[in-house]
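Just below sit the structures, each encoded as C-alpha cells.
In the two assemblies presented below, chain A is common to both, partnered first by chain B and then by chain C.
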Partner chain A sequence: MTTTTIERPEPGASAPLISVRNLTVSYNVARTGKTLTAIEGVDLDVREGEFVTVLGPSGCGKTTFMNVIAGLVKPTSGEVLVDGRPVTGPGPDRAVVFQDYALLPWRTVFDNVKFGLEMQSRLKGDGWRDRVQEAVELVGLKGFESSYPRELSGGMQQRVGLARAIVAEPRILLMDEPLGAVDALTREVMRDEIEKLIAATGKTVLFITHSIEEAILLGDRIVVFKSHPGAIKEVIETGLERPRSERSVQSEPRFLELRDHLWEALQHEATAAARVAGS
Partner chain B sequence: MTTISIEAVNAPPLRRHRRLPDKWAWLLMAVVAGILLVWEAAVSWLHLVPESFLPPPTAVAAAFVELLGRPDFWQAFVFSLQNLAIGLVLAVIVGVIVGLAVGWSPVLRFTVAPFLWLLYSTPKVALAPLFILVLGLGNESKIALVFLLAVFPIILNTMEGAVTVNASLVNAARVYNVNGVALGWKVIFPATLPYSLAGIQRGVALGFTGEVLGEFLGGAGGLGHLLEFAAYQFEMAEAIAMVFVMVIVANLLLALISALRKRLAPWYDDRQVMYGA
Partner chain C sequence: MSAMSAIFASGPNIGRRGLASWLAGLSAGGRAAVLAVEVLLLLVVWQLVVGVWGLVNPVFFPAPLDIARGFGELVASGSLAANAAISLQAWLIGFALAVVVGIPVGLLMGGSLPVDKVVGPIAWTIYATPTIAYQPLSKAWFGFGIGPVIFLVTVSALFPILLNVAAGMRTTSPSLLRAGRVYGASRFELYRKVFLPSTVPFLFAGLRQAVVLATIGMVVAEMTGSSSGMGALIIKAANTYQTDQAFAAIFVVVIWSVSMTQVVSLVERWTAPWTRKARR
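After this line comes the complex of A and B, so read on.
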C-alpha cells in the first residue's frame, strides 16, 4: 500500500483537495444543433479524506459533474482544481466507478480488475496478483475470477467496476451510483466495506446515489443537486459520529431529521422537473 | 475481509445450442436424398435430359472419386488455395488496419470513407481482364483479384465496428490515460473484432469467386482452369464434381471463421452479426 494515512485529517485543517469553481458544462447536441446546459455555476470544495455524497433527480447533471472532475469532460467555463492544480485530463490520482459498469466483455473478472494497473504499467513484480485478488475478494466475487462479465448479474458486474477502481489505489474515488444495481442485503455489506476501506486508507470520495438513506449513512456532507439547469441546491453536513453502524444510526434523531429534510427537497425537485418536462 | 458468501458456480458457462436438433437434421437429409433421387430418375431412367448435358448424380459421384485420385487435380487445388490464402492474408491485414484507422479517426471517416463505399459498389469483376493484362497469367493476377474482392467488406465491416465501440469502454480506458495506439490495441481492436470477422467471412466468399474468375479468364492453372478445360471437353460429370469441390472448400473456410469468432469473441455470440457491408 502506498497511501497509509490511517487517520482522517481534521476537517478544515488543510486546503481543499478538490476545488470546483463556478463550473458550467454545456453539450452541443449535434442532432438539433442546440446547446444543452447540463450544469451551471457549480461551486464546491472537498477536503482531503472527506466523503461527499451527491443526491439529485435523474438528469440533473451528476454524472457530468463527476466526469469533469475525472478529466473526461472539459468545462465550458469555470475550473476544477485537484490539489491546487487545474484538471486538464484524467490522472492516476483519480479513479472512476462508472454508472454503466464499463467492463471489457472480452476480459475475465480478474483481468478486468487488473486493467487499471496494467494501463498504468504497474504489473511489475509479483505483488500485483495479490492486490488484484484482494480487491476481487473485497467486493465478494471470490470464485468468479475467471468468469466473463456476461456470465454475471448486473450487481456483480457493478462490483467488478468497484474493484477495478479500488485496486489502482487512487487518492480520489469518484463513484457514480456504484451500488445502484446491487440487492439490498449485499448493498448493506458493501456499504460497510466501503466505509471501512475509506476509514482505513483516508481516501477522498465523491459518491453519487439515488438513495437518501445511503447518502446520509456514508456522507460527511451531502450535496443536493437541482435540475434545469443542473446546479447545487444545498450542501448539508451530516454531523453523525463515525464509525456508523447502519442499524443504530437509523434510529438517531439526526438521521431522521436529515431524511425528512432530504426527502422533501428531492420531492420538490422531482415535481419541478416533471412540470418542466410536461410543459 | 468481506463476509458476503456467494458460492462459486462450477457449471459451465451458458452457451446457446447452435447444432440443429436431430429431427431437423433428418429432414434436411431426406430433402437432399429426394432431390438426388429425382435428378437420377429424370436423367438415367426417364431420359428427360440428355446425359451429356446433365449427368446423373451417380456419374458425378464417380467423377468426384476419380478426381481425387488425379495428381493434376491436386496441383490445381494447391495452386488455387495458395493464391487464395496469400490474397486473403493481405486483405485481412490491410482491411483491418485501414478499417480501424478510418472508423476511429473522424477526419479519415469524412474524407476517405465515401471513396471506400464507392469502390465497394464498383463491379470489380469487370476489372478482371485488366488485371490479367497487366499482371499476366500467373499467380499475381489471381492474388490481386482475391485481394481486391475481399478487402472491401473487411474494411467496411471493421469501420462499422470501430464507429460503434461503446463510448463508456473508451472512457474506462481514458481514465487510466490510455490513448493512441494503446487504446487501439487494448480496447478498439478487441471490441471491433467480431465485426472484422464477419467482414472476413464475406471477404473469403468473394475472394474465392475472384480466384476462380481469374483462372477462368486467363488461366495457367488452378481449379477454375481445370473446370473450364473439362467444360470445353464436354466432361460434364467432371465439371460438376469440380463445382462440388469448390462449394466444399468455400464452406469449410466459412465454418472455420465462424468457429474462430465463437472462440475469439464469445461475448458476441448472442448478438446479431452483420454479414454484409
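After this line comes the complex of A and C, so read on.
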C-alpha cells in the first residue's frame, strides 16, 4: 500500500462534522420484559479530518454508539448531527468497516468493492471501473480481483472491506473493531497501513477498538467508554506527532504515559463489569 | 491409567486418520479407481455367495450376472424403454411443478413472518405425512393414468424445496444486511442482492433432497395401482418371481436418482461457484 501524505485539515477550524447530543439508546428485551440501556447521555463532537478512537471493554455500548452514527440504530433520545443535519438513516457521507468483514460471499473481490458504489447508483459511465480498481490496489489486493472472500485470509478480507468503504468516498469512515478478528502479526502491519491510508485521504474516522495500543497509535483523540450503562468516561488528546509508525511511537514517553493511564482506567472498568455480571 | 486411556483414545484415531489422509491424497482418477475396485469386490463376493456356492436362494436374492441377464431381457422385450419413458415423463413434470411452486412460496415464507405463520405449519404437516398415505386419495382425485404419479412426485419434491428456500431466506446473515443498508441498498435491492444469493446454497440442498424424494414418490405411486412405469415394472416382475428383472429395474431407478443429484450438484457448481468447498 503506497500512499502520499497530503495536508490534514486543521482540526478545530470549523463547526464539528459529527455532533452527538445527549444520546441514549435502550432496548426492550422481549425475553425478560426489561429495558436494557446500551448507552446513556453521550455527548461528543468530532471535527472534520479528525481520527477518533473509541476504547472500552466489551459490552460497553461502543458498537451501538457507532451504529447510531451509521444510521443503523435509532436513538431512544438525544440526537446525532452530521454536518449539522440529524441522522435519520444510512447515507453516502458515511461508510462502515465491519468487524466480521460483512463481505458478500458470492461476489469476487472486485465486485465486493464495487458494491460500495453500486447501491448508490454510481455505476454510470466508465470511470467507476478505474475507481474500483484503484481502491483494490490502494489496499494492496492487486492480483486478487477475481478471488472469492473465502479464498482470502482474514487480513485480506478486511482489506476488501476497507476498499469497499473507501471507494464510496464517504466523508466519515466508521470502523468497528476492524482488526479484532485478524491475527496479531497482520494486525500490527494493518494498523500502520490504516494510519498511512487515512493520513493520505484526510477522512474523518471513528475507530472502535478494545486494544489500548491501537487506540493510542491511531487516534488524535481517545474516547474512553465505561459500561453498565455505556457512557463516556473520559476523552484524551493523544498529542502524538504524525505520521506515526508502530515502532517509533511505542518508545515515546507520551505513549507509555497514555498506556499506563488507559490501563488503569480500563482495569477499573473491567473489574466493575465483572462485578455486575457476577451479581 | 492416563497413559492407557491416551493409547485407547489415540489408537483408532491414528489408523483412521491414516486411511482418510491416504484417500484424501488421491487424485480424482485414483479415487474413481478405489471406488471401482470396491464395487467390483462387492459384485464378486455377491456372485460367489449366491451364484457359485448357492448359499442364498437366487429367487429371493439373484446374483449379479442373473440381474444383468434380467436387464438384457427387459431391454430386448422393450418393456424397460416403454416403462422408463412413462416414469421419466411423470418425474420431470412433477419435479418441474415442485420447483415452480416451491421456490416462490419458499421465498414468500422466508421473507414474511405472517406468511410463514400461515403456510409453515401446513407445509410441515404435509411434509411429515408418509407419501404412501396420499396414494389412495390421489387415485380418487386423478384417476388411474399418469395423474396420480405426477401428483405424488410433486408433493414429495415440493416441501424440501420450499422449506429449504424459506430457511435460506430466514438465515441470511444480519451482518450482510447491515452492510447492504450502510451502502444504501433499497428494500428491493436488499432482496435481490443479499437475500436471494444467500438462499442459493439452501435451494440446491433442497433440490438434492427433492430428487431423492421425488423418485420415491414416483415408485410408490406406480407400484400401487398403476399399470405402467418403473414401479409397476418392479411389482410385475417380483409377482412373477422374475426377481432378476425386478432387481434390474430397481437399479435403473437408483441410477436415475443418483445421477439427478449429481446433475443438481453440477448446476450448482456452474451457477454458484462460490459455494464450492475450499480445499483444506
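Convention: the second predicted complex is superposed on the first by the 270 of 279 C-alpha atoms of A that agree within 3 Å, B and C clash if a C-alpha of one lies under 4 Å from a C-alpha of the other, contacts with A are read in each partner's own complex, and residues count from 1 in each chain.
In the analysis below, a residue touches a chain if its C-beta (ideal position, glycine included) is under 8 Å from a C-beta of that chain, and two chains touch if they have at least 3 such contacts.
Quantities reported herein were computed from a predicted structural model and do not represent experimental measurements.
On chain A, do chain B and chain C fit together or clash when superposed?
clash
Applying the document's definition of touch, where does A:G59 land relative to chain B and chain C: first, second, both, or neither?
neither
One more residue to check, A:V189. First (chain B), second (chain C), both or neither?
After superposition on chain A, A:V189 lies in contact with chain B alone.
Which of the two partners, first being chain B and second being chain C, lies in contact with A:E151: first, second, both, or neither?
both
Looking at the overlay, does A:G78 come into contact with chain B only (first), chain C only (second), both, or neither?
neither
Between chain B and chain C, point out the one touching more chain A residues.
Greater contact footprint in residues on chain A: B.
Touching A:A168, do we find chain B (first), chain C (second), both, or neither?
Touch partners of A:A168: chain B and chain C.
Check whether A:K142 is in contact with chain B, with chain C, with both or with neither, and answer first, second, both or neither.
Touch status of A:K142: first partner only.
So chain A touches chain B in one structure and chain C in the other; where do those two contact lists coincide?
70-72, 89-92, 94-96, 98, 100, 102-106, 115-116, 119-120, 148, 150-151, 168
Once bound in the complex, which stretches of chain A touch chain B?
Residue list for chain A touching chain B: 67, 70-72, 89-92, 94-96, 98, 100, 102-106, 115-116, 119-120, 134, 137-144, 147-151, 168, 186, 189-190, 193.
Show which residues of chain A lie in contact with chain C when the two form their complex.
Those in contact with chain C are residues 70-72, 89-92, 94-96, 98, 100, 102-107, 115-116, 118-120, 148, 150-151, 164, 168.
Write out the stretch or stretches of chain C touching chain A in their complex.
173, 175-176, 178-186, 189, 193-194, 197, 200, 272-274, 278
Under the touch definition given earlier, write down the residues of chain B that touch chain A in their complex.
So the residues of chain B touching chain A come out as 1-9, 13-14, 166, 168-169, 171-178, 182, 186-187, 190-191, 193, 265-268, 270.
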